[in-house]
Structures are given as structure tokens and as C-alpha cells.
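Structures are listed in the sections that come next.
Below are two complexes that have chain A in common, paired first with chain B and then with chain C.
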Partner chain A sequence: MTAPTPAPDRVTARASGRVLPSPVTGQELVLIGVIALLWVALTIFTPAFLSASSLQSLLVRLAPVGIMAIGMTCVIITAGIDISIAATLMVCAVVTAKLLTLSGMGAVPVILISMALGCFLGAINGLLISYGRVPAIIITFGTANIFQFIGLRIFNSQTVNGIPPTLGFLGPGQAGRVLGVPYAFMLMVVLVALAWVYLRHFPGGRHLYAIGDDEQAAELAGVNVRRHVLSAYALTGLLVGLAAQVTIAGGTTTLDQSVGRGQELATIAAVVIGGTSVMGGRGSVLGSVLGALLVQTVATGVTQLGWPTQLANLFVGVFIVVAVGADLIRERYARTSV
Partner chain B sequence: MPTQPPASRVPDGITRLSLTGISKRFGGVKAIRHADLHVMPGEVHALVGENGAGKSTLIKILAGAEYADTGVINIEGKEVTIKSASDAIALGVATVYQEAELFGQLTVAENIFLGREVRRGIRIDWAAQNGQVVKLLERLDLPASYATRKVETLSAAVQQQVSIAKALAEDARILILDEPSAILTDLEIRTLFAAVRRLTDEGVSIIYITHRLDELFEIADVVTVMRDGQTIGTYPVKGLDVRGIARMLVGDKYSESASNRAERAGGEPVLQLAGLGSRTDLHHVDLTVDAGEIVALYGLVGSGVAEIASTVYGMNPVTAGTITMDGKALSLRSSSQAHNHGIALLPANRKEQGLFSFQSVGFNIAVGNLPLLRKARIWMDAKRESSVASDMIKRLAIKTPGPKQAVQNLSGGNAQKVVLARQLVERPRLLLLTEPTHGVDIGAKDEIHRIIEELASEGTAVLVATSDLTEAMRIGDRLIVIRNGTTFTEFGPDASQADVLAAAAGQLSAEQERALALKDAS
Partner chain C sequence: MNTETREDQTQTPPQPPEKSGPSARLSTLGRALLTNRTVLLVVLLALGIIWMKALDASGYLSAPYDLSYMTSSLVNLVPLTMLALAELLVIVSGRGGIDLSVGSIVSLAGMMFGFTYGMWGWPLAVAILFTVGFGALCGLVNGVLVAYLGFPPLIATLATYYAYWSLALVINQQQPISSQPVVDLYGLSESVEITGLKGIIPGIPLGVFIFLLPTVVVVWLLISKTSYGRKLYAVGTNDTAARWAGLEVARTRAMAYVIAGAVAGLVAIVTVSQFASARPDAGTSGNGMALPAITMAVLGGVAITGGLGRVVGVLLAALLIVLLNAGILLAFSGNAGSQYQLLMLGLILVGAALLNGITMRKYSGSNR
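For the complex of A and B:
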């Protein structure tokens, strides 16, 4: 940047890397292109797609996955994974629903309680992974079952009925938007922007990349690895607690035991499709949100075209395989180009 | 001048293995200029030489991993060509490397017969296979029950014996043991020696590579000395002593070994270790490093020299003694705490412990110093980060187009400088280096030494742990020899390499003995 480099060298420098990964990676550009193509195609084949209500509902449904994907991106950048978030979402959602219906609490305390609860559950994962030194997939597989048990106990075999519209401002209805833009979506955008800046421009964010690249080297460079890993899982839990609010706001007045089901896979899919390496050390929240948007677009498109919904699974599966394949090819290329 | 070595042994009788006029070049570097080696049936033939003398290349040529440019190999009087590892095995030449190349999840018998399973029809004949293994184990005096034990449940020493058994199963008549004792405890070495003697009684010839000169006198019949890519000569071990071999190893180099640092800033003690022990191989380490001083630690592999730096850096729990920094006792539980005390560590293995391979040169320099490079103590100052990286690239003469370059594209020496640069962004109070120039080319080596010296002149206390004697002699204001996890003895700048080598092998000069006795008495 500051040091002038001779012209022939500059070409190699640009071709082979940056102090920071560039603000928008190749994979993100590809995703933007694919999403744009899909939107054009869907507009042509189903005129309803581009209607305000259709887009608004798409964006509200995007929000919870997008918010959780922020945390998941941080976790996967450290070469970890959290498959317990669906169960965490269920616990936070049912606690929120019960608080809203039984105590009639206001929105702010409910949101704070849910986020604190999620953060606590995430911190349990983080503690076991960073201090117990057990692989993240094993720990979170275990805690997923435990959290699910807790959630189901709180449900007590009954759906929660008559949830008041306290959280309506996060939902798809009229209360939930200004100038046609849903608050939930704006909340997600703000959080993504904050996370993007944090990961790139704050020491803590850089440390996450260093840990995922090489944990031992990070430790020796003086990075407090355990604290950072713990924070990544705690943050994920906290964001899941927030996503639970949007999930409730986006539903009906009832909440049943199926809440959260499949959300961990949807979130991981979004992150992976967005170009974050499952081996750690590379990735961005922008990519993850684009991944989430792609998945949501496909789901909406398949529904609106009247195709069988299984086709959405097929497409998402193909995207994941292509994205991970691209990552592996990139890495192999990088390793052999030395 | 060293005393004249005894006359070179002339081969007589029928030699089992003869290497004559071997040379080998890698690119522009002559790894072996001229090597002759004659091994008799049933003898233990030691091969000694400093790092880079050409021992390992010679062994690789014998094992079929490399092919010599010139020279002739004769086995039992017949000229042979060894072009691959399987050629070597077919000719009865087997190599046991330092780290056993075994599959931990398989049993001893499965490992020994891997790829050559004894079959009955299409099935493996377990009974026949185990029977043969039991016989092999008996030859090595190992219990027959080991045949069906999983290899990972055995100690390093036993695993090594299993490797030897595997070599014997292939009917090896020439067995190459590559630094077998480096990873063994004293007791395990006894067991190894017993196995070696049993094999030589059966007529197997052993080529025994070692850095531990003292053990030659226990196990070897003859020794071939290599220096600078040449075999200097082959001598019966009887009639030599450690000091004599050490002199042959280093040649005339020892006279120009003194550290060439003109002046050094005298300073107060920065690091003091008193009776330091850790769960790794450290038992009792006493040393002091002053501000502005470079202290070199020299020791053989397994002496504990590599563990001292990591223990001071808070990576191994301290079990005995104290670490004092600037007069205050330190008890570190993690490396980040050490980092916060102004201690920096250049790890031994830069690939696994130093570099973030996905990232740029700039990222690699800045990481670990990020809080320093913040704007308003909050977020990263991209300009400063980039200029610090550029400064470091200039100061350390890192050959790269700029901080944006991917670190993967750098050569070993430049990669090492990047890891070193990270430690220098904030001048450390104490810099710990382990094998700072391992696998680095000569030019980069000189530059790294120059950087270390510069840093010391600015007042940093430097501790360099190395198994490269020339480096230890050259860079250290003082040189401390580590042996069996203790500080064995200390040398000033005018020490001779032969004395240091002898000390690392456990032999002190008369003068040092006297000094030690005085110290013990007081």
C-alpha cells in the first residue's frame, strides 16, 4: 500500500494475496451474480415474486438464518462448528413465548433474557470446546441433545398458544416495517455490517482467522486462543437468542415443538455456500449472508413456481457441494503453487 | 592443531558392503564430495559427522531414496545398483529411521508383514505369520505376546525394536540405524545395545549413526568420520577418545569459532532460571541472561535443549525451580501471558508453529501485535499496519514484493524472517529462539544472525537454543551445554568446538572438572 513496488512485482502481489482478504471475494461476486440471475428468472416466470409482499416475507424469513450465520461464520473461521444452534433456538423461543404469554413482559426485557440465555448456552459449548479440548462437532452434538431435552421439558408436551403480538415489530406484518423495509432485515444488515468490520479491522477478529489457520501458531504468537474460541461460541448463542425473537415474530400466535428444526443445517449451508472454509482461517460474514439469501431465494422460488419442495433441498445440496469443492480446489492450487 | 588421528583402517577379508568414490550433488550444492565406506560382516560401524556433513545423504543413497552421481556400491563383492527402496530391501539393506514408520492401529505382526502377508489361499495365514513374528521377537529378546499387541500401545523404544524386527523379517544383512538413541532413555539404550549385539553375533552388519559420541565406545567396533561431504577416514574405536573424534568432526574450524561480536551492551539480568524442571525432559536448569546478551544453548537431540525455551514461554508446566524475570518471579500459565511480559518466542517448527499459511506476509507480521497497531485503541490502523510490515520487510531484507504477498510463496529463509519479524514489531525484553536457522540457506542464515545481534545491541536479552554447533559458537556471547535436561557446563567466547562437542557427549576437560569440583566443594 505505502511501499512502492516495482511494476513486475505488483502483478504477482495482486495475483497472490492481500494483507487482508479483499473486501469482496470472488466467491461473493459469483454468489451475487447467481442471485441476480435467479431473481431475473423468477421475475420472468412468476410475476408474483417481485411483489412487495413476496419480497418482504422473503427478507423476514432470511433474517433469523442471516443473524445466526454471523455467529456461525465466526465459529467456522476458528475451524470449529456449532450444530447445537437449532436446539438453542428452540430453548430461547419457548422461553420467550412462555414469558410473553404468561407474564405479559415487554419486548425489551424479553429480548434481553432470550439473548442472555442463548449466550449462556453458547458459553457452555465454548467452555467445553476451548478448555476441554474436545472436537467441536462432538461437544455440540452432545449439547444439542441436552438443549433439546431442556426445550421439550419447557414445552411440557403442549404447544404454546395465544402469544401476544409484543414482538410484532420484528415480524412480517405492517408493524414490522418502515418504508416497506422490514425491521428484522435492517437489524440483520446492521449486525452483518458490524461483524464484517469487526472481523477485518479489529484485533479480535483477526485473531479468529489466525486461530482457524493454525491454532498452535496463534497460541505461540501470543493470541489468547481459548478466550477467543469461547467468545465465538458465546456470540453464536447470543445471536441465536436474538434470532429466536424474529422467529417468534414471524410465526403465528402459537409455537410448537418443531421450532428450530433444521435451522442448524440451513445456517451451516449458508456459511459454507458463502465461501467460508470448513477447515478454518478463511471466510466472511458477507458471503454467509449472500449464501443465506441464495438458499432463501431458491426456497421461495420453488414454492412460487409450484414445484415440489424437495427440489429446494436438491438445489441447496448442489450449491454446498460446488462451494466446498471450489474451496478445496482453491486450497490445492494454493498449496501446489509454492 | 589436533593430534594426528590414528592410521586409517585398511579393509581386509571379504567386505560385506563397499561404497567407493560416492558423490552427490543437489542443484548447485555438493552434498557429498567423496565418500568411501567399507563395512565388514558382523561389525557395528559407526558413522559420525556434524549436521550437513553428508551422513544422511549417504544413508539415503544406500537405502535407495537417492541415487549417487558417481561411485560404486559393492555388496558381498558384487557390484549392485540401488535405485529404489525395494532394490535396497532385496539386497538385504534395511534402514530403521529415528521415528518408527509403523502403523499404530495395527498389531506388531501385521506391521512386520504389511504388504507381504503370509497367505493360505486368499486368506492371511495368521498362525504362520504370528509364529514367524514370535521367532523374530525372540531374536531381539522381546516377549512373544507382543506379536498381537497394537503398536501404539508400545513405548518408543519397543517400537524401534519392532522396526528392527521388520528389517530382519526382510532378511537384512546390513542394518542401518539412523540416530536410534536420540529419543531413548538411558535404560532403553541398554536394551537397544543388547539387541544390536545379538544381531552382530548372528553376522548382521550394523551401520550406526549417532551424535552421541560417548556411546561409540560402548557399541561400535569402528567409526567412519564425515566432514564437509567427505569421509575423513575409518578408525577402530579402540585407541580413540571422545575428544579425538570431536576434533576430527570439526577439523580446523574450531580456531575461527569465536563470536565476532565487537561490543555488547552490559546489562542487568533479565532472565534467571534456578533449578528449573518441567514434565518434559527438563530436570535442573540454572542460567542467567543479561540485557543485551546472547546466550546460546547447545545440546543433542533429546537433551532437553529444545524444551527450555517453550517452558520459559509458559507452554510446559514448571514442576521444579523458578523462573525470574527482571527480578520478579514469573509463573506463566499460557503463552499469551508470556507475550504480555515482553517475552517473544521464535518456535522451532515454523511450518506448524509459526506461519499462518492462508494469509499474507503483512498479516503474518502483524498478528500477535494487533493491539499495538490500533487506531484510538479500538480498531486496526490499516496504514500503520502496512507501513510496519513494509519496514520489517526492508529491515530484515525479506525477499517479497510487499506485505500483500501470500506467505506460502516464500522460501524457507524468508518465511523464517517473517516469523522473526513478528517478534520484533515491539522490541521484546527477552527473545527466545529455537533452531532459528534450521532448513534455511546460508545467506539467510547470516542475515538472521545479524538481526539477532542487532537486537541484542539494542538491549534485548536473547536465548538461542540450537543443535547446530557452529551457530551456537558463532552467535553466543556465552555457550551453555545442556545434557540430560540439566545445564551441564558453560563456555566463554574462546571455547573450541571440540571441547563443546565433548561436553555435549558428557566429557569435560580437566580444567572444567577442576572448576566443577571447586564449585561443589564450596
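For the complex of A and C:
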């Protein structure tokens, strides 16, 4: 990789005494604009879109991908990737469902167990990647298969039926919202806010960017690279364990083996549309969540317009190309103008 | 990308001080196992078959694990190995090369084949050419995005994975095409006896001869006997050096994606004949075809950093996975078999990756 050239906004930032890039990037502003346009258009063409129930269900369905995207953003900022989150989600979801149906445990212990389990699986990834010094994409391809095996063994070729509504407060139902706003969505917003502040203003967060920019330079500058990389993957697993709770709460009383399928690519898509660079060193959780919101809006819109559901994925593909393409053009422009 | 961490598999690593006697022979063997992927895969393959034979002999398997069972399982080898070769080309092309979209191209090109051959009654040869060409066109989109516009390959092919997947499902309202001409193609996946070897070697699936072997030979000739192949490895090893050497970096890299797309188009025809139906989810159902194909390529010693990888490694890796999978199916009843296949694939992949890391640190002089 070539040495990173300072973007113009960083140059002006230094001149005015700031060292951080501006709090909202251009990509995020454009995303907000596109989402606003889509919402207006959808409201005009399908009156059902702006109804409270439609929006509430959109926000609840947004939450799992949004929560996982926080962890994935941290991982991608360190120039890594985690393909195994769909399998982790499956393991956490089936363990949660079994605990709820068989032991009748309360919500709090179940959530804690699931998060601990996710964190453990994520830590396995992190250990292999940071101490085994192996490309993240290969390791997580491998562990995805292993975790999937574990999940399917726990399923034991049967769906889990009759899941009690213990986690209803995270779901789309009446129990899951206050003043019309779903708890699952609020949970996601709080987590995003925490992650945003941490990544921007805490040394640990800045170290993640440093590692993604140039791992060796970070190491030489005294950053404990291995520990930071390990904790990024463990955090991702932990958040996947939490997302599994929202997935179960948002589903029916039956859980089948397809849970989580395709979520790894959906989460990566959200992160990438949000302007996080897969080369590492650049990105924000705000963008990732906006990316997830854009994808969910399109999915909802396509359904409500009566178009074939699968058409939504075509738009996801186009959005990825447009978002990353715009970023590439901006970068090229920045490089030539400095 | 750190170019200094690369090492050539075919090249012998710096020799440590010579020792004599059996310990020296042992350490030579150990080094060969670690540094030469072909040796490792051959040993693993032999161990796997011996292990399965042992299980068979002690009565753990539900059916005999014999030569005829092993050759009949080769039918599963055809599509995945072809796609693994496609991934070989793309990964070797460097700059984080990877193609997540091959499974979706299989689905979409398969639907195109279903339309042209099964519904519009085009002649078979024309329909096949059209399907392969269509696959190449899908690959061209990837190639242009990656090589000319500078998209990270993971992202570009993630986008086209979604786009092609969606188009394949929407184009015929999610319905498969199984008209009579398509059903008649089922014969292509039957087993044939080789004349002269009748009775010695059991029937081998026809697809191995008419699809897999030609693809293997063409890809092998392409990367080891043509100037394009040398350019591809040069571009994959070091972008900048290749540019200064006067190579058309973008065109060489884009070509890898185009060929991968064409191979995926050919795989589409294989899957249509195996299912006797053009299914819109042929390459994307379940875990899809792209991830197993990438797994095989990586296991075969293709370095994800580019510029490194051989056809024989990919073939051995594919053979290892297919034969072990077939054995596992006999060892476990019901769904458990396919689940243990996942476990084995994951463990082998993680093991191979860790081994690569150790090899690099031990023998290449770099501590990364």
C-alpha cells in the first residue's frame, strides 16, 4: 500500500488546531440525504409506509444488523473482516431459544449467557488472527464452518418450537416499545453513540485506526496490536450475541436452522455503504448504521410497493457500487489536489 | 500489502546447517511437509483414505468405502473444483483478489441457459457458447470495477453477488426451468466406463471428462505455458513492479475476473445437467458455491496475498475434501453427516492457515 496522503480536511483541521476529522463525513451526509429522499418517495407511492406500525417494524428489523455492524466496523477499521458472524448468530440464537423453552430462565441471565457465548466465539477468532498471524478472511471462513457445525448440532435437525415471549420487550410488539419507539432501536442507538464516542475520543479507539492504517507503525509506536485486534473480534462476538436476542424477539415462536443466513454479507454491506474502508484505518459506526438503515428501507419499500422481494438485493448491490465508487473518486480527487 | 512477506512455494527455502543421519532425513521431510503444499496434501489424502478404510474394515461405515463409491462421489467434485480454479486465477491476480459472486453467476447463467436452450429452443452448442459468454460478461463487470476503477475485490464482488443473485431469482419469478430438452441433459452427469479399463476402474462420472478435465488442462496451460500466465503472476506479486516492467496491469487483472466468470458460466451448465433443471438458486442456496470454492483454493496453497498458487494444489485439495466428505456421509446417519462435513472443512482450513503462518515465520526469515 502507498503511504496515506493527508486528505484536505485533515490539513485544514491541523491549521485550525483540531486533530480529528469532522464529526460527520460527506458520505454520511449523502446517506442521510438519500434515505430522506427514499422516505419521501415511499410515503408518496405507498401510504402504508409512514404508518406507525410499519416504521416500528422497520426499526426493530434494523436493530440486529445495526448492532452487529458496530462490531464489524471496529474489525474492518483494523483492516480485518469477520465472515463468521452469521454462524455465531446462529449458535447464540439456538442456545437462547433452547434456554428459554427448556429451562424457562428469565431474560437477564439468558441475555448475559448469549453475550458471553458470542464473546467467547469472537475471542477464538481474535486469538487465531492476532496470535496465529493469519489473514482474518481465511480464519473466519474456517471458524464460520466450525460454528455452523456447533449450531446445527444443537438444533439436532429440529426446529425449536414454542419459544416463550420472555424477550418480548426487544420485539416489535406492544411490550417492546415506549411512547411508540421500540426498545430494540433505542438499545442500538445507545450502543452506536457509545461506540462513536469511544472510537473518536478514546485512546483505545484511535489505536484501532492506527492499526488499520499501518500495523507495524502502530506496533512501533507502542500500541499493543494483538490485544486490540483480539478485543475487536471479541466485541463483535459479544454484540452478535446481543443481536441474537433481538432476532429471536423479532421472530415467531419457532426458530429454524436458517437463522442468521446471509447476515454476514448484509452486515458487511451496511458497513461498506457507510463509508468504512475495507483497507482499514478509516470509517465510523454512524455511517454503518445509516448504511443498515438504507438497506432496511429499501427492503421494506420493495415489499410494500408489491415488487418481488428479491429485487431489494439488486439495489443493495447498486448502493455498494455507488457508495464505494463515490468514495474512490473523492479519494482520488483529494490525492491530486494536495 | 507487504511484499516482503511473500515466499515462493516451489523454491527451496534457505538451507539450515547440514546435519547427517536419520534426524536430517526427518527434518527434511518435516520441512517438505511445511513448505511444500503438494507434499502435505498428498500425505493428508493418503491418511484420510487409510483412516476411512480402517473405519470401513472395523464396520463403522454404513456402506463399503470402496473404489466404486469413491469414483461415484467424484460427481460432487466437478462444479466446486472448476470454481476453485476460477478463484485460483482471481486470487493470484493480487490486490486482495477474491470473487464472492461466482455462485450468483452460476445461478444467473444457469437461468440464461434454461431460457435459451430449454425455452427458446436454441441449438445446444449455441446455447452453451451464449451461457459461457454471459458468464464472462458478468465477470467483466467485476473486472472493470476491480482493475480499472480500483474497487477492493471483496466489495466489488459482494455488490455483484447481490445483484446477480437478485436478478437470477427475479428473472423467472423464482421458478426453475425444467422443460424437456433440459431434463434430457441429465445424461451428462451419468457414470461411464473407460474402454479398456472396464472392470478395473469403476465408472467415473461423465462430467469429469467433458467439463472438469478440459477446464483443468486449459487453466493449467493458461497460467503455466502462456505469456498471460506469467503476466498474471507478475501483476499479483507486485503491482508497481509489473507496471514499471511495462505490463498492462489493469487489463491482465480484469482478464482474470472475465475468465472466472466464463468458468462459472460453464459450471452453470454442469449444475443444470445435474439437477435436470435450471434452478434460480443453483449456486446460492444454503452456503452457496463461492465460499467452498474459496476454501478449496486456499487449502490448495493459493496465497490470499496474490501471486502464489498452483493448479495441482487446488486439485489435490478438492480431491481431499470430496473423498473425506464422501466418507463422512457413510460414517454418520442422517443430517449429522453433512454437519460433520462442515466441521472437517473448518478444521482443515484453520489448520492449513495456521500452518502457513508457522511456515512463513520459520522458513522465510520474516517474523510476521
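Criterion: the second predicted complex is superposed on the first by the 311 of 338 C-alpha atoms of A that agree within 3 Å, B and C clash if a C-alpha of one lies under 4 Å from a C-alpha of the other, contacts with A are read in each partner's own complex, and residues count from 1 in each chain.
Please note the rule applied: contacts are C-beta pairs under 8 Å (C-beta built on N, C-alpha and C of every residue); 3 or more make two chains touch, one makes a residue touch a chain.
Remember, predicted model here, so these are calculated numbers, not experimental data.
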Touching partner for A:Gly26 - first (chain B), second (chain C), both, neither: neither
Chain B versus chain C as contact partner of A:Ala217, first or second or both or neither: first
Touching partner for A:Ile320 - first (chain B), second (chain C), both, neither: second
Contacts of A:Pro109 with chain B and chain C, given as first, second, both or neither: neither
Which superposed partner A:Ala312 touches (first chain B, second chain C, both, neither): second
Partner chain(s) touched by A:Tyr209 [first = chain B, second = chain C, both, neither]: first
Touching partner for A:Val134 - first (chain B), second (chain C), both, neither: second
Set intersection of chain A contacts, chain C complex versus chain B complex: 1
Residue ranges of chain B touching chain A (in the complex, touch as defined): 313, 315, 334-336, 338-340, 345, 347, 352-360, 362-363, 366-368, 370-371, 374, 378-380, 382-383, 385-387, 389-390, 393-394, 401-409, 422
Residue numbers on chain A that touch chain B, as the complex places them: 1-3, 5-6, 9-10, 12-14, 16-20, 197, 200-203, 206-207, 209-210, 213-214, 216-226, 281-282, 334-335, 337-338
Interfacial residue positions of chain A with respect to chain C in the complex: 1, 81, 83, 128, 132-135, 137-139, 141-149, 152-153, 157, 265, 268-269, 272, 278-279, 308, 310-314, 316-318, 320-321, 324-325, 328, 332
Contacting residues of chain C [partner chain A, same complex]: 1, 98, 100, 145, 149-152, 154-156, 158-167, 169-170, 173-174, 287, 291, 294-295, 298, 304-305, 334-336, 339-340, 342-343, 345-350, 353-354, 356-357, 361, 368
